[in-house]
Amino acid sequence: MTVKWSDLGLRLSGAVVIAVMVVGLVALVIPYDPADAVSYDALLKPPSAAHWLGTDGQGRDVLMRLVKGTEAFFLPGLMGGLIAVVLGGLAGAYTGYASGPLRSALVGLLQLVDTLPRLVFIILLCTIRNPSIPLIAVVAGLLFVPTVATVVRRKVEALGSEDYILAHIAHGFTPTRILLHHILWLQCWPLLVRQAAFVFGYVLFVETGLSYLGDYGVQEPDPSWGNMVAQVKDLAGAGAWPWLAPAVAIVVTIAAFLAFGNLVARKGEEALR
Amino acid sequence: MTAPLLSIEDLVIEFDTQQGRRRVVDGVSFSVAQGEVLGILGESGSGKTLSTLSILGLVPGRPGVVSGHIRAHTDAGEVDFLAELPSVVSGGTAERAYQKDDRRWQRIVHRTMRPYWGQFATAVFQNPKQSLDPLMTIGRQLDESVSLADPSLDRAAVRARSVDWLKRVQLYDPERVAASYAHELSGGMCQRAMIAVALAREPRLLIADEPTTGLDTTVRAEIVGLFKALLRDRRRAMLYISHDIREVLFLADRVIVMRHGKVLEETSADDLRHGRGRRHPYTASLLEAADLPAGEAA
Amino acid sequence: MSKRLLRVLSAFLLLTTLVSSAAAQQVFRYPEDTRPSSLLPFFAEDMSAVRMCELIFDSLVVQNKRGDFEGGLAKSWTVDADQGGIKFVLREGVKWHDGEAFTAEDVVFTIQAAQDPKTLFNSKSKFNFIREVSAQGQYGVYVAFDRPVPEAEKRFLFKILPKHGFPDTAISRKDKFAREPIGTGPYKVKKGGYSLRSIALEVNGDYWNTSKVSEVLMQHTPDKSAQINLLQYSGGKAGVQAVIFLPPKNIPLFENSDSVVLEPYHTVSWWYMAYNHENKALADKAVRQAMALAIDRQELLEAHLGRGDILSGPFTESSPFYNFQVEPTGLELERANQLLDGAGWARKGDTRGKGKLKLDFEFVMDKELASNQALFLGIQAQLKKVGITVRPNYVDHAKYRDQVFTRRKFDLTLNIWSFEEVEDVYPLFHSKGVMNFIGYNNPDVDTMLDTAKATKDYKKYKEQMKQLHAVLAQDLPYFFLWSLDIYSGISKKMKGVYIQPYYYFSSFPEWELSP
Amino acid sequence: MSGAASFLALAGRRIAASLLLLVGASFLIYFTIRSAPGDAVDAITPMGTPPEIKEKLAAEFGLDQGVLGGYGVWLSRSATGDFGESLVFAPGQTVMEVAAPAFEKTLLLSSGALFATVVLSILLALLLGEPSARQQGLTGALYFITSAPGFVSAVVFSAAVNAGVQRFVEQAGHETPPWYPIPIYSDSIVPYFFAGFVLVMGDGLLMDTFNAVRAEILSVRGAQFIAAVRARGASVTPHLWLNLAIPIFSAFVSRLPVVLGGVVIVEYVFTLDGAGYLLLEASKQRDFPVVVGLSVLFTLAVIVVGLLSDVARSVIDQREVARDG
């Protein structure tokens, strides 16, 4: 009995996702003081037995920072995804179902957020409050609320007229229950999963991007994949490993998360169809 | 009695599911003569819909195996739809069935079927609202069929005939209907429109797949009546699929009863109506449920 | 590369060659980290603007390669016996870029404009010593000082503005002159050459001196790796012929390159780590000294900035005031620890403390100073060894100036002082000095600075500065770090290159670009 | 109700809302940048600038009024179409003089890139429909290619191109193209193509769009009326695209803000003189008139495109009007 290809993809991406989670959790318990890691005897050493992924411009072990770097993004990333999905889902459900001034106000607010030039807005915020990845994650999450909301709204509007929803109303379910349980939970979860995965990825993108644009991301000496990759700026001709490893890590992680979210979502949608 | 318009011989359809392979149509055979109305009776899941839709190659999803013969007497002479489908489709082993990708199978089916769609046979489905393109006026969809049926017509003539069709399906104010969208019409009106769209294509065989499901009783009666009226001229045959024995009896010349993907019995509508001949117990139970004379049980 | 790929690529190249306008020849391109804020010399705040203005404007006096001062727009000058004034004889037949003739009036105007209270610019104080300026005929200018000024000519390096370029002496930074400057210099802004992130100059046909390169193109390229890229492939039409500052990490890339030479130049600027003396712990001299002994400057310098001189005081080694008797301290961890223990700073876990005070400092850094971060990481690691904790606070330029210079919310910071020619440290260390942002207040130093300010005899002044050097090296208002050998990367196509440490392009007219 | 009337009402409401939106967005940005520590004066005055000069400058820059007051002034001015003058970035030039051309470039770049992305997604969706060995492989590869952070793909890309061109020029003796080496801003359009390419490939945009478009196509394909159309032997294509038009367009619209954000990085790497570059520089220098002015343009663009999509929707899909009206 051969394996379905979609399942194979699901398993692979799922494996990576789990791996990242595990590393992230392990990183929490590994003791690491960046100040101790600095060693001027081992600047920019290529990969070796002592340092599997070599050392960076401060002589710090790249692998170690890679591991500790996971800790920096993956919880906030999930948080950002959660914020976007929960708030977005609720807002979408409400705007799709309700009517009246409150709805219009909410729609306006969503549009307002949606129209902001995201990256620059985050940068401005990062100059006001000192940048930290939770800040970035929360803001990124909030900025994605409208996106999620619109998708959900369409779905709700589309489902609103479906017979079985009407039937539910007939059966005397409260609108809230129908919205939250029957529509949001039972019908929208696949696209919510997909969105969450995307936002998670986006948080990573933003963090790397910000680090590159001038250290608006996680601040040294704390390791983050973003500020590791950002070293590409001053390492031209000095060896690629310090930024290549995290770059690859980012690509693999994001690819896995997107794929996983998407495949799960697709399975769900097929089930719903 | 000329050669049948369509004859199906031990058709087998199997689906590959997570639980493994399910046989949903199990050696079904029947035939329809020119201008004849064949009623197919059975509860949902009895495989009646599938066996008939497979005639149009519109079977959804991807079946594991399709085998048997679907012989059609078209203008081009006799064709066996399944014979034209390559071996991947009919009688593949489990493994190969899994590897086979749906898009390719769909493409193959469509290629073989396209010439017969519409002009040989077409279909009317249940819940009519979803059978009509929500973004196109009824008129334009009707125009499509009309001009396909008779390419020689110019726009005006086409529209005229469309409106005429809307009249024939007993829609009042046909101009308004032609200008309106599905969501602006009632279910009944949509089904009438749908029937018009189907018949305007001038098929030799009309497949009506539970066309009255989801409509309220009075409307159902009207629709069934409409079919009767439209088929009186005997110019085209119809496969009328329903779980409602009264509708079937009202329309059909012959009836086949299906259950669990098998044909239980085949008989003339008159016999059923008047309770003549021996009955399969299942059929009998159906008749009783509709309190009609069951005749003597076999 | 496969044949097919080659073919595709060549097709693409040909296409794009057709699409895009062919690049002009004899263009000297160079990237800048920051965008020139204004081409009006008064308002040329950042170095990129200073460099541009050097190409567009002239000054009365210029400093030549050997470092001594010779005539620019001034043919000659005579200083009064009492050093109370100076008379310039101006070069004749010099034309402004718009064809007008250059006269004494322009010089007078420039000085008056600079002194006009309505003209607001940073280095206004540089003109304070001038009491009065007057034109003597068309080509003579007399400048009277408010007090005797030694080596007065050195103070006339400022650029001369055209009187006819402005309505009156009150000049606003919003004046469109900032975008369409009119100078007497070797280059003028090309028609439509001023755009968001690039400025194109063309050679000034009737320049009183010769200039060889026909066009100059400044390109704002904040991304260093992009600059490196452009220098690496400087052969290409869009490549650059010079990168002003090559980060040491990238130097290996060009060390034995056949297309680029490394041009070292020595700026009159030194790096320092500033202590905020308003911080109780840092007010303790022992702490400052201990930190100085715990930080290995040599190591930091080599790891992150390449070559340079470790300094013991507020002057560069090339400065006449540098006191070579005072040896720079080296790394001495034991002594550092002893000092701290002696002063009663006992270890509590990672961080030493005394009573409520802890040796736990906020280290504020300016993002615009690129190597800041790397250096901080080293310092943090080294100070940890003697039980001193420093926390990074990495802020952008505007925020830095506000937080450190204006509001003084910092414990430690790392920065550079750059000087046009000789250092003047009075404003840095005098308790009333305008640049004394560290709240340094040492009566002895104050008196030394005041007396030095009063001395007319340059020799004496030198001696006093040398003493000051010794005192400051002991008292450590700052921890003096180093002055750098900076490297420019210059394309080998450039001939006759000499880099003026501050203005950079002073001798650019002699540069040559061989095709 | 009649389509035309309700459509007009709809448009009216939308435009009114948009104005509110502009005010809201501009205030948000104004507030943020004004409350950022350090201001335009700090950005230009180095250590030792006498305080009186700083004060006079602050007054000249209109920094002496509070945030709210300042915004009031700004709003009343910009209501008359005067968005003020740049303070630091381009002293003396009006904001629109500086911002408009830059924004034009950026808008073209990002919408162009986004358009390309959508088209590409459609093609891919038609190509990689259902699970199969080869197609799954391709999809997987796609995931990896598109999951690189924008600037990483940009840096790697430019390095590759430069090295490639150099090798090629040596091999084929072709003269070097004017845009080589990248990245460099030049009047040639080529850098914009590269930037666009990276925009499409980077930051998972393509993958995201691809998934959305793909889902839409599948759902329409599966719809019953398509089966009906088939059954009557009519061609499916017109029905398919008619029903896909709106979802695909809204996929475009909903992603525009993201791309307009991502463009900052791309312009930084490829040294393009677009709005992203301007916005970044101006906000570093606290040149708030420029920043706010630009943000207004950004908002405006998003709003206008949103309006367009609404109009398109209510023209194509009568149900929408019925719903909103």
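Letters A, B, C and D mark the chains as written, and numbering starts fresh at 1 in each.
Just so we're on the same page, a residue touches a chain if its C-beta (ideal position, glycine included) is under 8 Å from a C-beta of that chain, and two chains touch if they have at least 3 such contacts.
Predicted model only: the values in this text are computed from it and were never measured.
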Note = Check: interface with higher C-beta contact count, B-D vs C-D, is C-D
Per Cα centroids, the chain farthest from chain C = B
Note = Judged by C-alpha centres, the chain sitting nearest the middle of the protein is D
Task = Mind checking the centre-to-centre distance between chain B and chain D? Centres are C-alpha means, answer in whole Å.
result = 50
Ask   = Once you find the CA centre of chain C and the CA centre of chain D, what distance in Å lies between them?
value = 38
Request  = Find the geometric centre of each of chain A and chain B from their Cα atoms only, then give the gap between the two centres in Å, rounded to an integer.
outcome  = 49
Remark   = Whole-angstrom distance, CA centroid of chain A to CA centroid of chain C, is 43
Remark   = Among all residues of chain A, those touching at least two other chains are 4, 127, 214, 232
Message = Residues of chain C that contact two or more other chains, please.
response = 223, 225, 229, 395-396, 399
Query = Which chain B residues sit where two or more other chains touch them?
reply = 99
Inquiry  = With touch defined as at the start, can you tell me which chain A residues reach chain D in the complex?
reply    = 4-6, 8-9, 12, 104, 108, 111-112, 114-121, 123-125, 127-128, 147, 150-151, 157, 194, 198, 201-202, 204-205, 208-209, 212-214, 229, 232, 247, 250-252, 254-255, 258-259, 262, 266, 269, 273
Remark   = chain D residues touching chain C in their complex are 36-40, 42-50, 53, 56-57, 60, 85, 88-93, 98, 101-102, 155, 158-159, 162, 164-168, 171-172, 174-190, 268-269, 271, 273, 277-278, 281, 284-286
Request  = Would you pull the chain C residues touching chain D in the complex into a rising list?
outcome  = 1, 6, 9-10, 13-14, 16-17, 19-23, 35, 37-38, 43, 45, 120-122, 124-125, 172-176, 178-179, 195-198, 219-223, 225-226, 229-230, 232-233, 235-240, 395-403, 405-406, 427, 434-435, 437
Key: chain B-facing residues of chain D, complex   = 129-133, 135, 222-225, 227-234, 239, 242-243, 316-319, 322
Task = Note which residues of chain C are touching chain A in the complex, please.
result = 223-225, 228-229, 247, 249-250, 252-253, 299, 303-304, 367, 370, 373-374, 376-378, 380-381, 384, 392-396, 399
